[in-house]
Amino acid sequence: MSESPNTGSLILKLHCPDQVGIVAAVSGYLADAGYNIRRSYQFEDDETKTFFMRTTVDPQANSAIRPTLEAGFAAIAERFKMTWGLHDPTRKMRMLPLVSKFGHCLNDLLYRWRSGLLPIDIPAVVSNHREFEELAKWHGLPFHYLPVDKTNKAAQEAALIELMDQYKIDLVVLARYMQVLSPDLCERLRGRCINIHHSFLPSFKGAQPYSQAFNRGVKLIGATAHYVTPDLDEGQIIEQAVERVDHTFTVDQLAALGRDIESVVLARAVQFHAEHRVTINGHKTVVFW
Amino acid sequence: MSESPNTGSLILKLHCPDQVGIVAAVSGYLADAGYNIRRSYQFEDDETKTFFMRTTVDPQANSAIRPTLEAGFAAIAERFKMTWGLHDPTRKMRMLPLVSKFGHCLNDLLYRWRSGLLPIDIPAVVSNHREFEELAKWHGLPFHYLPVDKTNKAAQEAALIELMDQYKIDLVVLARYMQVLSPDLCERLRGRCINIHHSFLPSFKGAQPYSQAFNRGVKLIGATAHYVTPDLDEGQIIEQAVERVDHTFTVDQLAALGRDIESVVLARAVQFHAEHRVTINGHKTVVFW
Amino acid sequence: MSESPNTGSLILKLHCPDQVGIVAAVSGYLADAGYNIRRSYQFEDDETKTFFMRTTVDPQANSAIRPTLEAGFAAIAERFKMTWGLHDPTRKMRMLPLVSKFGHCLNDLLYRWRSGLLPIDIPAVVSNHREFEELAKWHGLPFHYLPVDKTNKAAQEAALIELMDQYKIDLVVLARYMQVLSPDLCERLRGRCINIHHSFLPSFKGAQPYSQAFNRGVKLIGATAHYVTPDLDEGQIIEQAVERVDHTFTVDQLAALGRDIESVVLARAVQFHAEHRVTINGHKTVVFW
Amino acid sequence: MSESPNTGSLILKLHCPDQVGIVAAVSGYLADAGYNIRRSYQFEDDETKTFFMRTTVDPQANSAIRPTLEAGFAAIAERFKMTWGLHDPTRKMRMLPLVSKFGHCLNDLLYRWRSGLLPIDIPAVVSNHREFEELAKWHGLPFHYLPVDKTNKAAQEAALIELMDQYKIDLVVLARYMQVLSPDLCERLRGRCINIHHSFLPSFKGAQPYSQAFNRGVKLIGATAHYVTPDLDEGQIIEQAVERVDHTFTVDQLAALGRDIESVVLARAVQFHAEHRVTINGHKTVVFW
């Protein structure tokens, strides 16, 4: 995984129906435009007959400028029916974290952001509670308190959408945000909203996964970062991890260990997404790292 | 985990309702009988108010002989309503493996047994197929072919029970034995029969777990060793492990990696059981290692 | 690992030359004093013939009060030549973090402290640089800037010792403090000072471990928390962990992943120490968890 | 990792000095020859300015036949100064295992070979001891007993080389072969000989690594598969793994757990090599999986 972009580097990410000649067309075009391939991944899904590609290129002395490159590539993309994007790795994604009463993921993301460890910008924090107002403000961030109950859900989500527009948000992260988004909002955020679920999905869907894990007597607990879809806890999995536990763990101790796993798994999923490594493939993801 | 028994070492395993003075009574008795505690674990389950203990003791110059020790301990056990056993760690458990058409777990257990890596004796191999007859015979073991279909299940299980009696079996291991045991047989083998399930339970219960894992797009796959109970795949979990996978794995490749996990997880569960480290605690296990 | 103390619970930790009757004497005394054993670990080191024990006890209705319990136990301890301590698990250890220019471990420890996830109190932050003054102050903590160079090392350490006395520090944590402590200070802090080394020791001792790892082409990188001794990077290991890497990682990317490992490993080592789970055994540790 | 070859699939592996247009030239040529890219990996090493590529291609209806494809590619290879190979994934590498007195790795490799889990053929077994003669013969393999001592080392290695020629060996695997190969033999087998070292290198080089690990008190033990070079234990690392241990492990128990790690790590390294996933890059490896 991971790369340090050189000056002028670009990331090309695409997928399309598989056929002969895709790589030749893409790499031929890039070479003709004076770009050198530093790293590249390709994958063909035998089930869906879809071809996935992510390529990092460096400009050379006489390279085409980016708009020219992009315009020229559009023709190739049309020919192969590609879904594609050309990304500047130094342009940070704008991420909006939503949090409720557990702040470990938020704290971790804010620390990584401030330390330059994630290619993201965080312009604000949103919560349905007031617990992390002080933390947000210490980081110099506006804190938007959007409480939600049965009666105001539509209005609260409308306010949320307005904030996303206002801050030009690329990615919404549910950092232990304990509210189910409406189907409409899930649709609107399709592929742009990541949730951290505090279990190793598909084990222990729904509420209280650490209590479920305790009652089942599992010997490992885990966490899952996934895209949000209208089917709760059924979104495409981006990253998972587990840690060993034993019979001496109480529910609280499972949750304490689980918090460390959640923070790391969510940070990795955000990194993969922000580095343009993830493509949704039906119910699954392709993650090039 | 793990210990190398000294000559004359004994393992005392017990559980009972919790109350003050259990350890004092047990350790006082052992000291009076001239036994030295080398290693000991205790655990009190706050939920069930049950106390669990496993102690390894070494005899000294003037120790009581084992029958005397055992007879004297019975009085303490009765006073505290203990379920208990005093075990000679050099006495190997007699284990009967049942296998169908996947032999990796069987091969692994036979290798560990022959190399002295597990405190077990394997007197025979049972299968509902003929695939591993040659392997059993090469190891010098009788191979019992007990085919099963809808019409002969009761008779087949009766034959199985007869073999268990004949070989004085302590532990039955379903080493990828692709048959569901009858509720009666499950009851009879309660706490003495270990199954390896080829998923990280409770994910992917039932048939074809690697296909289920493939379809769900998980990023880790695992295996679970558990005691067999009448509720399929709901038995008490003894050991679990996982390995990382990605989008490039086909179902076959998930299964190939899974086989390595299964072999190791099953071997560990057998080791824990054979070393008297496991106690069933309702739907869970206490594993002292 | 891990336990939630009940009201009045106490932790007894001891080690002594091995002989028959230690557990009987200890547990008999505890039972007579009206204390119930909730959890207990014992271990006899066959090499050094030393016996180690850690026991958590709960008082009952008619228990002896703690000073009485402690006074009575002193006699047993003397008889068996024990090194021992009786600890109140609700009394938090006072921890002083020392940091230089990498703040991930400090940030992690401060977050866990504020969230009540570690049984410690942090009364101040010390650094030989000014980078984390703002962070300390946001947490409401005094920040002590103690710069050090070749000419003032003795004076700087004297100031450090004064701070430890002033804040009644139980545990010093070198949270990526990039200075070697003098042998005298190491001696003074023996068993009370934990360092995080950014490699899987004994691989890559000394400076620039991630560069060393990069040059060697290892496929896993790790971190090690150990007690500080006058022999640099040779102190007793408390905890270690690793993560997988591959050929695409630059030194910076190894270091980025390494920071996550360091934070978790150091937090665990601090937890184990603060919960009285660790005993030094020559060049090694016994960690009951 | 991993792929199931389709009929007629080919694997192209290459590396060369980096420059613009490599991928374009390669993929353009493949497309013109009627081959479809199923999966491809590229990597540019910023240090050595070397470009690495591994591509799996499927023939289409009108594809060039393999000799034509290969001949045409030679011109491109020459132009870019490539080191390259075009491999048929259904052609199994011929592997010769060398073993001494520990047979767990040998047993594991033989099992995987017989079960079709590794893309290798094993035509014989070589050992400087007689312990595994019976095992080899049960698998229907010739067993070559080549004892070695100070006086006959040159002659023994000459006999070994003769066997490699006779069996047309592609890959030699030191499956716990406890002899150091002569520098000449190491040179001759450069890039074609894999050793399993029973520690997490660079920790615990040389003899008795489990004793070293025991004495250092590490909390994880590991194993390392690497290419054999004249510098003992300094060869290019292909794969590593670790498992957790604690203070209760004796040297023997570390070794027992270590055997499981060794078997898995060696099997993976053999798989990566046999699937043409590994390229040596100076002191390191590039492993595409």
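Order as written gives the chain letters A, B, C and D; numbering starts at 1 within each chain.
Just so we're on the same page, a residue touches a chain if its C-beta (ideal position, glycine included) is under 8 Å from a C-beta of that chain, and two chains touch if they have at least 3 such contacts.
Predicted model, so just to flag it, every value in this text is computed and none were measured.
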item	value
Centroid comparison with chain C (C-alpha atoms), farthest chain	D
Interface sides of chain C and chain D: same vs different residues, half threshold	same
Geometric centre distance via CA averages, chain C-chain A, whole Å	36
Separation of chain A from chain B, taking each centre as the mean of its C-alpha atoms, in whole Å	42
Chain C residues counted as touching two or more neighbouring chains	39, 43, 246, 248, 250
Chain C to chain B touching residues, read off their complex	18-32, 34-44, 60, 244
Chain B to chain D touching residues, read off their complex	1-4, 39, 103-104, 107, 111, 115, 117, 138, 246, 248-250, 252-253, 256, 259-260, 264, 267
Of all residues in chain D, those that touch chain C in their complex	43, 45-46, 200-204, 215-220, 222, 236-242, 246-248, 250, 281, 283-287
